[in-house]
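Shared between the two complexes below is subunit A, which pairs with subunit B and subunit C, respectively.
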Partner chain A sequence: MQRLSNTILALRGLSSGVWVIATLLIVSAFFVLMRDPQEKGDLRFWLFSLEHRKMYIPLIERHEQTTNIKLDVELMSIPAIQSRMMSGFFGGLPTADLIEIERAVAPQVFMGPTEAIGLHDLTDLLIEEGLLEQLNQPSLAPWSVDGRVFGLPHDVHPVMLAYRADITEAAGIDVTQAQTWDEYFELLRPLMADTDGDGKPDHTPLSFWYTNQDMIETLMLQGDGQLFTQGGTPTIDSERNAWLLAKMTTWCVGSDPVAIYVDEWSAAGHRDKVDGLAIGYIAPDWMCSIWKMHVPGLDGKLKLMPLPAFEQGGRRTSVRGGTMLGIPKTTEQFDRAWEYAKLLYTSPEVARELYREVDIISPVRSLWDDPVYDEPDPFYMNQRKGRMYIELAPEIPLRPSSPYNKQAAIDVRDAMGQLAKFAEENRLYTIDELLPRARELLAGVQRQTERRMARNAFAAEDLAAAEHGGEE
Partner chain B sequence: MSAGQRKLSKWAMHAILIVLSIVTLVPYGWLLIASLKNQDDFFSAIFLPPGDGVFGIGWDKLTLDNYQNLFGLGFGVNLVNSIFYSATTALAATLICAATGYVLAKHQFRGRNLITVVVLGALIVPPTLLLAPGYELLYDLGLLDTAWGLLLPLLAPAFGVFLFRQAVIQSVPDELLEAARIDGASEWSIFFIVVFPLVRPMIGAFMLITFLGMWNNFISPQIVLQTADKQPLSVAISQLRGVYKTDYGLLTAATVVSVLPVAALFLLLQKQFISGLTSGAVKG
Partner chain C sequence: MSAGGIDQKRVLFSWAMLAPFIVLFTVFVVYPLIQSAFLAANQTFGPGTRTFVGTKNFELLFSDPVFWKSITNTFIYAMGSLFIQLPLAFALALALNSQKLRGRGIYRLIFFSPQLMGLVFVSILGALAFEKRAGLVNQAIAFILQDPKYLEIDWLQQHVMATLILISLWLYVGFNMIYFLAALQSVDKSLMEASEIDGANAWGKLRHVIFPSVKPVATFVVLLSMIGSLQLFELPYILLENSGGPENSGLTIVMYLYQNGFDLGDLGYASAIGWVLAIILIGLALVQVKLTRAQEVRP
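Our next item is the complex of A and B:
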């Protein structure tokens, strides 16, 4: 008793803040401990998008009523999914029964040998159930290893060019006449005049810069540039990649560059867009809804058209971003998880919502006839942009699922920065002048990537096999 | 310097401080105002929305809808969780670190130096490196998705143990401990009655640091807690951000709700916090 009173006496000297914290603990503990625990479902689904969850919930609730199989939908950030999933896969621990995985994270899953991938191989099921042919084929590439498919694609994400039609039409320019990037820049050259006398062009044809890795990768893919083969062998130093790098660098250098830096996400960048600093913007389907939300000042001023090609007859689209749905091998209820996967990823209802809410087109080709894709969009001057994106969807380039792709793309961006610096320092502004240096820089990136891959026992085996003619 | 010059210099100093205070407070003001705006005004007006009211401001456009929507989404549960996790960690970690620091500083036993080196070594291990093995360990212990799973690894931070060890070495004379032992005090009494009051400045500072650390902790709760009604504010706020679009009014309201309690706590503990941080600074 004496000891207790002495202790209390000693604690009396503590500050009011400490007592406040102690009181908070007691009150909050009461609420936390009194709360009824949430009822656990039969299956668990991890996803990272608030929008996706909103679309899935009504469908899941209806499915739960008819089948009596409860699916717990757990929303979390992309890094959290990545940490939990990879910890689970490495440690052989249960994860969720269904996981939505974003493009930037997915390649990590494919780091080891094919048989050790933590997700179920869905290829045979997709063939058996006739789903494989219903899906847009190029959309499967990022989720496939050695021809085996490990995830259902959520989207296609074709890319078009969004341009300030209000400005071009006022100037009497029909941008849609441009078949190639060269023609596009030539058509818009009159708009680069400095009529307001501020010493800068009033408008620049394209929002693009050598610091934007996503844009560089998107346009390289459009121009048939590939950093890796589908088998995962690095082809960074290919002649085509060097040419594309040199070509895109010429857009950003010299006395009158045809490309300009407009930040894609900041308020300052949005202001620049409204002011018409750049005329054209690289626009994957998902970007359409982002502009509606974040740049309302562009309402009724933009139109979309296929990307101008690098050469006559070349590809008029590309691809950027993506999500897949995978079923971990640790699930004890594969059949139930597969039923839910099909429900969520092939349902016409979700496809319709996906387009209405976030302008994303479904990869399920049988759903492309839905009238929702023909609805005119007032934000884009009443263009039927859903149909326009769908027409380009089968043309999107194949993307590798290599876990080294992300770092290689970053290194290529850095190489482009060095090439631009080299161009300015030496006043070399043509493709032919820049090509030798582009080759050197990409050869450096290739060596760096090969060194990185050599540290991975499995990738090193593949690399050695490819070097000995095992892979074309 | 004459009295007039001194007065002038004081005024100049105050003017500079007022300007700097305004610069510091502008983001908070912006945050508060943004939380009271609707989505259209959020993008069209930098500060207050224009209108027909006093000073040309649309006062009638300001709304509490974002706060209503926020608590309608069940944000109150996450707020209570944050308070519970932060208060538990702050109190328990302070007690454990103070006790461990005292033992390492004042008790002679075999392996003491080794333990001190291990504690110091633990300081250089990046916490992210422990995420995957920590996850596996929590799974093996059956503690995933439980409050214990989140709190246990945070109750004896190496930083706190080392901090209190140093505080005890500096503030608690051996003679005092010996006197208490001669008077028949138990080790328990010595810790609470003699040591604890002497390291009081450090207690306030460490408690605040720990409370804030847990309040802002994002990665651990994201990984460990999987059920929505167990997650703290930091995780709940991150989930308000969409991948394609975000309701910024809701997000700023949530940020205000998460900032206010810790700001209030800092005001309560600031004296001890500062004295804790500066204790020993002037000792020889």
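Our next item is the complex of A and C:
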């Protein structure tokens, strides 16, 4: 009795804050316990794009009705997918049965020996079911290791040049005549005049800057620059890469640079686009819908054309971004997951929606005849841009799946920044003048990358094998 | 019940009360610590790969120029915190401690508000403020100096460390100010009055009364700032998009750890970096303990 009264006295002595916390604890515990447990599906699907989810849901619901296999679609951010997936792979724990993986994350999945990759090798299935030949071959490269394919490609993402046709046409300039970058800049030079007297050109031909790693990589790929071979050997210090680096640097330096920094994502950058600060923009297919959503002021002002080449007869496109669908090895229902994968990634219905909703063309070549790709797009002055992108799709450059690519691309961007600084400090503005320094800088990046790879016992083995085996 | 029985009951009860903490601490602190020590002697390259390399990770680390760059950057940032942020926080605390100032509560809230918004949100706003051409900072400089060329300052490319320090000022000055304010409010009023009677001027009071009184708190805040600075990650991660910035000018120790562990899949090397950082932090904590004890012993 004495003990009880002591306890009551002790409780009475507690502050009101303690009582509030205790009440909250009891109330929240009650609600948690009373909540209806969610019915779990047979399979789990992790994806990061709301647009993708919207497209897949009707198809999944129909499939669920016919097969009675329920798929839980779980939307989360790219970093969330990355950390959950990699934690699962490292710890050998279950993840999802299907995972959409963004290009920036993919190299981490493909680290280490091929047999240790956390995803199922789909190569044999793709061949058996005749799917491999239906897919746009270069679109498989980022999802392949040692010739084995670990993911179904979601897209192709060819790149064109979007240009302010309203401005060029008003000036009587036919930009489509430009076959090369040099011709493009020459054609647009009259628009660089300073007619408003603010001390700056009214327009600059290209939105590009040496600080934008994605754009540098995109254009280097266009010009056949490669940081790694498909086998993963670094080729950063190649003569071609040095030339491309010097070439692109000349665009950004000097008294009248032909390129200008326009932020791709910010409101200020969108304002600059509407103002016509730059005439041309590097435009992968997905960017078309981004502009429709975020820069409505460009409606009816843009046209698309193949990228001008670095040399006559050179490649007129490149590639930027990408997504794949993988099936983790931990899935207990591979066959069901594979059926869903095919449904979502090879169905004509999704391909059509993908283009209508987000302007992305399908990597499945047999679907390229769909009339949706021939529909004129009023935002782009009624151009049939789907067909234009498809015509360029087979020409997109191959991209390596090396986990060291991301850091190497960052280092190349830094090298370009240093080259631009060197050019301005020494007033050297031609390719020939910049080439020796570009070679030096890229040799430094090559050494740095090799050091990074050599530090890792596993990557060092690959590096040594490639060096001794004369890998191409 | 024997005395021994009661003791045993008490001991059992104590352990039962401690058990949740011990279990959680073991699972989430002790085990990862042991695991990371083990990992530091291994190399990994993605899932399912591990090879024992002994002390090689540490040997490679000390000859890795990028690691030293990250150490230098982190210490530059820490020095910026120490010599700019803390004096500013102290000055603000002094100003806001003045009885003559009206609306002190509002000012305190304003200076502390970045903490309420959170680091990620402040980082995003900071990135917008320091944007080239349209950013608030460049607009302000160009307006004050009446020269549009200042619109082109590329803070996040050309002045990375300065930008990080400036944004962290915004974020942490108000936070540290609160510590100093609390310390100032506990300064013995009789000492202040005595110094006034003795004819001390403002500087004299500051030097002989205020500084000695706030010294224990200042020591704590200095060490807290140093430790926080050495763990800097989110701010550069968001501002520089996990790239380390041009020529790694914004790469910090924890960012380098993250890049190695999660971008390159080498958890061993990342663990080695983590242990070096841990040793630095333990060293700082020991300094704090020593300084605090010395102050307690001193009459």
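Quick notes on this one:
We take it that the second predicted complex is superposed on the first by the 441 of 472 C-alpha atoms of A that agree within 3 Å, B and C clash if a C-alpha of one lies under 4 Å from a C-alpha of the other, contacts with A are read in each partner's own complex, and residues count from 1 in each chain.
The criterion applied here is as follows: a contact is a pair of C-beta atoms (placed from the backbone, for glycine too) under 8 Å apart; a residue touches a chain by one contact, two chains touch by 3 or more.
For clarity, every value in this text was computed on a predicted model and none was experimentally measured.
When the shared chain is aligned, no partner comes close enough to touch A:172: not subunit B, not subunit C. Once the two complexes are laid over each other on the shared chain, residue contacts for A:49 go to subunit B alone; subunit C is not touched. By the touch criterion defined above, A:371 lies against neither subunit B nor subunit C after alignment on the C-alpha atoms of chain A. More subunit A residues lie in contact with B than with the other chain of the pair subunit B and subunit C. In the superposition on chain A, A:130 makes contact with neither subunit B nor subunit C. Residue contacts after overlaying the shared chain place A:407 against subunit C, while subunit B stays out of touching range. By the document's definition of touching, both partners, subunit B and subunit C, reach A:86. By the document's definition of touching, of the two partners only subunit B reaches A:20; subunit C does not.
In the three-chain superposition model, subunit A touches both subunit B and subunit C at residues 83, 86, 90. Considering their complex, residues 40, 43-44, 77, 80-81, 83-84, 87-88, 90-91, 131-132, 135-136, 139, 147, 186, 188-189, 192-193, 196-197, 200, 203-204, 207-208, 211, 219, 222-223, 226-229, 235, 238-246, 265, 268-269, 271-272 of subunit B touch subunit A.
Residues 43-49, 51, 53, 60, 64, 66, 128, 131-135, 148, 154, 157, 243-244, 246-248, 259, 262-267, 269 of subunit C are the ones touching subunit A in the complex. Contact residues of subunit A toward subunit B in the complex are 3, 6-7, 9-11, 13-18, 20-22, 24-25, 27-29, 31-32, 35, 38, 44, 48-52, 74-77, 79-80, 83-84, 86-88, 90-91, 93-94, 286, 289-290, 293-294, 296, 357-358, 360.
For subunit A in complex with subunit C, the residues that touch the partner chain are 82-83, 86, 89-90, 92, 108-113, 115-118, 198-199, 211, 213, 261, 263, 266-268, 271-272, 403-404, 406-407, 410, 413-414, 417-418, 448, 452, 455-459.
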